[in-house]
Amino acid sequence: MLAISKLSIRSGSQELVRSLSLELQDGEWLGLAGESGSGKSLTAAAIGGLLPRPLSCSGSILWNGLELLRLDAKSRRRLLGSEISYVFQDYRNTFTPFLTIGSQLTELLEAHLSLAARDRRQRCLEELEQAGLPAERVFGSYPYQLSGGQLQRAAIAAALLLRPKLLIADEPTTALDSLSSRKVLGLLDAAKSRFGISIIWITHDLRHARRHADRIAVMRTGSIVETGSARQVLEHPAHPYSRRLIASIPPLRREMPERLAASAGLEGEDPLDHPR
Amino acid sequence: MTIHDNAPLLTVRNVRKNYGGKAVLHDVSFELKKGECLGIVGESGSGKSTLARCLLTLSGWDEGEIAFRGEPLAKASRAKLMQVRPQMGAVFQNPAASLNPRLRIIDSLLEPLDQRRGFRPAILDGVPPGREAAAAALLELVRLPASTMGSYPHELSGGQKQRIAIARAISSAPAFLVLDEPTASLDMTTQAAVLDLLKDLRKELSLSCLFISHDLAAVHFMSDETMVMRNGHIVDRFRNNELFDDVRHDYTKLLLEVFQE
Amino acid sequence: MNTTMRNAGMLIAAAAAVALFSIPSPTPWNPYEISMGERLLPPGTEHWLGTDHLGRDLLARIIAGARPTIGIGLAVLLVSIAIGVPLGLLSGMKGGRTDSIFKPIIDGFMTFPDYLSAIILSALLGPGLMSMLIAVIAVKWVRYARLARSVALAEKEKDYAAMALLSGLSPVRLVLKHILPHAMGHVAALAAADLGKIILLMASLSYLGLGSQPPAPEWGSMLSEGRAYFHAAPHLMLAPGLAVMAAVLLAGFAGNRLRDRYDVKLKGGAE
Amino acid sequence: MAASIARKVLRLLVFLLGLTFLSFCLLKLVPGDPVRGILRVDEMAATQDQMGGIRKELGLDLPLYRQYGIWLSQLLKLDLGSSYLSGRPVAAEFAEKLPNTLALAAGSLLVMLLVSLPLGALAARHRNRWLDRMSRYMSAAVSSMPSFWLGLLLIDLFAVRLQLLPPMGSEGIASLILPSATLGLSMAALYVGLIRSSLIESGSQEFILSARARGIHPFRIFVRHQLRHSLVPLLTLLGESLASLLGGTVVIETLFNYPGIGKWIVDAVSARDYPVIMGYVLFAALFILLVNRSTEAACRLANPELARKELRHS
């Protein structure tokens, strides 16, 4: 469904993503894992043509045979929000602060469909309900009146409103506390099983990957170092960097390892820790 | 000053703190013993960082008592506080804010030692005199090259800055360390490296510490005993291997489930 | 704007500042010498910028006027900083009751715009150099108090301040070692730009007859004097006006440069 | 609610009382004698007797607090006293001159907005391109000029050389153009940069990206999300510019010999015309407070979140 090939993203002479290739199947949940500077968020932004202006990209991103990198503005707009939608990390700023959640959801519907005002409202309320939110209240609320977890769930409701085929979730739980994170990932799971949408899930923490992701791609400094089924990558990581990333998660077992890095057999090696 | 080895370093009794008309700490009580690492786990807003600032005498509280080596701190004079504070060490969450951006690393690193002239901690035994030698030795302790001392904070990564904060905190041989989310703003692999470092240092220097984190797994990795905080209350507390017992508080079980996935 | 240009701006500003207070006037003319035979001469080879209504050499007067104009501006600036910064730091660091006294005062002053307050204060105090200085200082100190207060409020919450206290620094030492130097960076950037604004403000007050009085060769009062002869001898207004403009521009340049440098250092340096 | 309004009104009254009393003290304690000014106007040789007589007549021989008390009690009867210079009631003279100043202020505001809004928006849109650079250099140059000097340049060009516009006075709309242009331009120079940076800042907000990711039309995003986000800083700017307009009019009215309250106060200062000065102080304070309150109210309307923040802080 989505085929990225030889994607490069550069800022001036600096290559931030290097000749990256990646494929996504229908109804698949792909975990794109990596640390800061790995280029995972840039790759995600490139799919929707949302890269900041000074960055340029080359290569090809095919969406059901359509070349996304050479799409005119109008067709891209038609695609975004309806076929491909996003959820971002910074839930505080996902919604415009001085407009109600409801008016922003209806704005999204208006942009893509022609519906009667009452139907629009009904549709939004249903979607908020689905996201486990008190629909009427959230609909009339300004973003600042909601908690972080509620905002992120409202953002997911917005992303799912038009039943997209692909949802790109860029660190959707990083800024949330662990209990809210769980609810948010649960919502994505439900959307996947109910509508069969594909999900690209960007994360720096592989902790929940086993439960949610079908496939995992590990990125480092602009390239994918390893891809494979979630189970294969998590249990038998082939690349040393994947091994290190997995070993970095403190295990919750009765018998604790003395050291984290040591358990991956990577004692002497320095972690990737570069100044910004 | 001789202290009985088993006497607690820190005694917290029924501490309560209000903020904006709401209690952010309810009736918090615990003890920290020498050589022990006590973990505090809780979500944001649970009051764990507020508690840390109270323990460090950086902010006041409304009821109850916090005593350091048996000495009550609630009504301590400013002079008393200035005498007590250097015996506590702290590492905070945000490495970007933990170093004065205008000072070279060596000056930030040695601030505690510069402040107490004539004092030489045991970790510097056998190190030649002079500031540079001391800085190099401290940097080595946290696995950083001596050349780092000439840099400014903005030239370093978050992990490096956090290591410097750790070196600085242990430089004056404090009675205990408060580690308030020391890894939360670091990348995963850096996080692991810092956790490993802290664990090594704990063993090498037999540090006493309070390890505060939202991450149950990290707390479990670091500490001997763990307290679970929620809405300003301590809802559960257990020795390390008791975490998996069935008698745990529901909230603890929930956290365990989340972090075990 | 590129870096070389910014550096050039800084250099010119620095050179101008040094020249201002060290080099004696390079023209052979005395800025005070009246010569009624040479009134209102246009710019020429002998008097490069011409002469004023009393036959005094304009170039000599501009050069002689630089010192009082910029010097007074600097003095006003320094006094404002010396009043504002300590009060602002005190208010921000102490917080609580102290702050609840200072904050409304600062906010109250800030609601009144520079020009209006300075004009009204000069009006209340009566015309004259001294009352103009007091008026301008009264208007300006509060900006530095506010800046220092907000820096103190922000910095004292930062972890490094907490760590400094844990190292055994007294609150006073904390301010002197960590917070004051931090505030002074911001203050310097604001001050450089403010110097220009102060010069403009004083020129306007002098023009209104509220500031320095003739025969001082201060640029503002020169402009005020020249106005009567505006049609006959426009150069009388042109030259001091351009001088004011150049001084303000240079000060602005220096301010931008200082601010950029400062920002780069704090934000972690893209350069 | 009612209590908080009452508290606000009370605070306002205390503030005005303090301000006027302080102004009164300053005015009286500083050397300078209005009587000489009055007599000079009358072109008489002043004797001690005459001066004493006038002083008594004006109540200037009374102790300071009594003088203030008299001024205050008159104020309660909405009487600001009479000008020493013209002998006419201050309020009447004020009412006569205020419309002129308001016309000038309105004209200047118009010029300022017409210049700075489009220029700031264009500079933000084409940032770091030639248009942006030009606008930055030009505003740096203009904002470095004393406003009266800019006015003189404009007079020289349009009134003297091209003879298109009257240089002075207040006859009709034409005579309003030069003063408004002068004040408007010198203020616009400051605001172009501020408008530019506030638009750039709002454009880089995460929620703008989110709206793009939802496929909303860019024009709609600009108007509904970005512009509205800039509205709060822009409204604050507008409030500030209204307040500083009042200061600017003083200089410009003097330059153009324009019969507004700005020129009036300057004349009053040199004659130490106390009632006029006090009247002006009172007006200026009320005007600024009014502008600030309305700005705050407008900002709260533009961004409901602000209203909540204030509630929490108070």
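The first chain written gets the first letter, and so on, giving A, B, C and D; residue counts start at 1 in each chain.
Criterion: contacts are C-beta pairs under 8 Å (C-beta built on N, C-alpha and C of every residue); 3 or more make two chains touch, one makes a residue touch a chain.
Values in this document were obtained by computation on a predicted structure and should not be read as measured data.
Asker: In terms of C-beta pairs in contact, which of C-D and B-C ranks higher?
Answerer: C-D is joined by more C-beta pairs in contact.
Asker: Pick the chain whose C-alpha centre of mass, unweighted, sits closest to the average of all protein C-alpha coordinates shown.
Answerer: If we average C-alpha coordinates per chain, C lands closest to the whole-structure average.
Asker: I'd like to verify one number: the distance from the centre of subunit C to the centre of subunit D, where each centre is the average of its C-alpha atoms, in whole angstrom.
Answerer: 22
Asker: Find the geometric centre of each of subunit B and subunit D from their Cα atoms only, then give the gap between the two centres in Å, rounded to an integer.
Answerer: So the centroids are 55 Å from each other.
Asker: Using mean CA coordinates as chain centres, what's the subunit B-subunit C distance in Å?
Answerer: 47
Asker: If you average the Cα atoms of subunit A and of subunit D to get two centres, how far apart are those centres in Å?
Answerer: 52
Asker: Note the residues in subunit D that touch 2 or more other chains, in rising order.
Answerer: none
Asker: Send over the residues of subunit C in touch with two or more other chains.
Answerer: As it turns out, subunit C has residues touching two or more other chains at 268.
Asker: Give the residues of subunit B touching no fewer than two other chains, as numbers and ranges.
Answerer: 155
Asker: Taking chains as nodes and touches as edges, what kind of graph is this: line, ring, star, complete or other?
Answerer: The chain contacts form a single closed ring, each chain touching exactly two others.
Asker: Could you list each pair of chains that touch, in label order?
Answerer: The set of touching chain pairs is A-B, A-D, B-C, C-D.
Asker: Residue numbers of subunit B touching subunit A in their complex, please.
Answerer: Those in contact with subunit A are residues 43-44, 155-160, 187-193, 195-196, 199-200, 214-218, 220-221, 240-241, 243-244, 254-256, 258-261.
Asker: Show me the residue ranges of subunit D that touch subunit A in the complex, using the header's touch definition.
Answerer: So the residues of subunit D in touch with subunit A come to 205-207, 209-218, 220, 224-225, 228-229, 302-305, 308.
Asker: Going by the contact rule at the top, pick out the subunit C residues touching subunit D in the complex.
Answerer: Its residues touching subunit D are 1, 108, 111-127, 131, 196, 200, 203-204, 207-210, 220, 223, 227, 230-231, 234, 237, 241, 244-246, 248-249, 252.
Asker: For the complex, give me every residue of subunit C touching subunit B.
Answerer: 158-160, 162-170, 178, 181-182, 185, 265-269
Asker: Where on subunit A is subunit B touching in the complex?
Answerer: Per the stated touch rule, the residues are 35-36, 177-179, 181-182, 204-208, 210-211, 244-245, 247-252, 254, 256, 258-262, 270-276.
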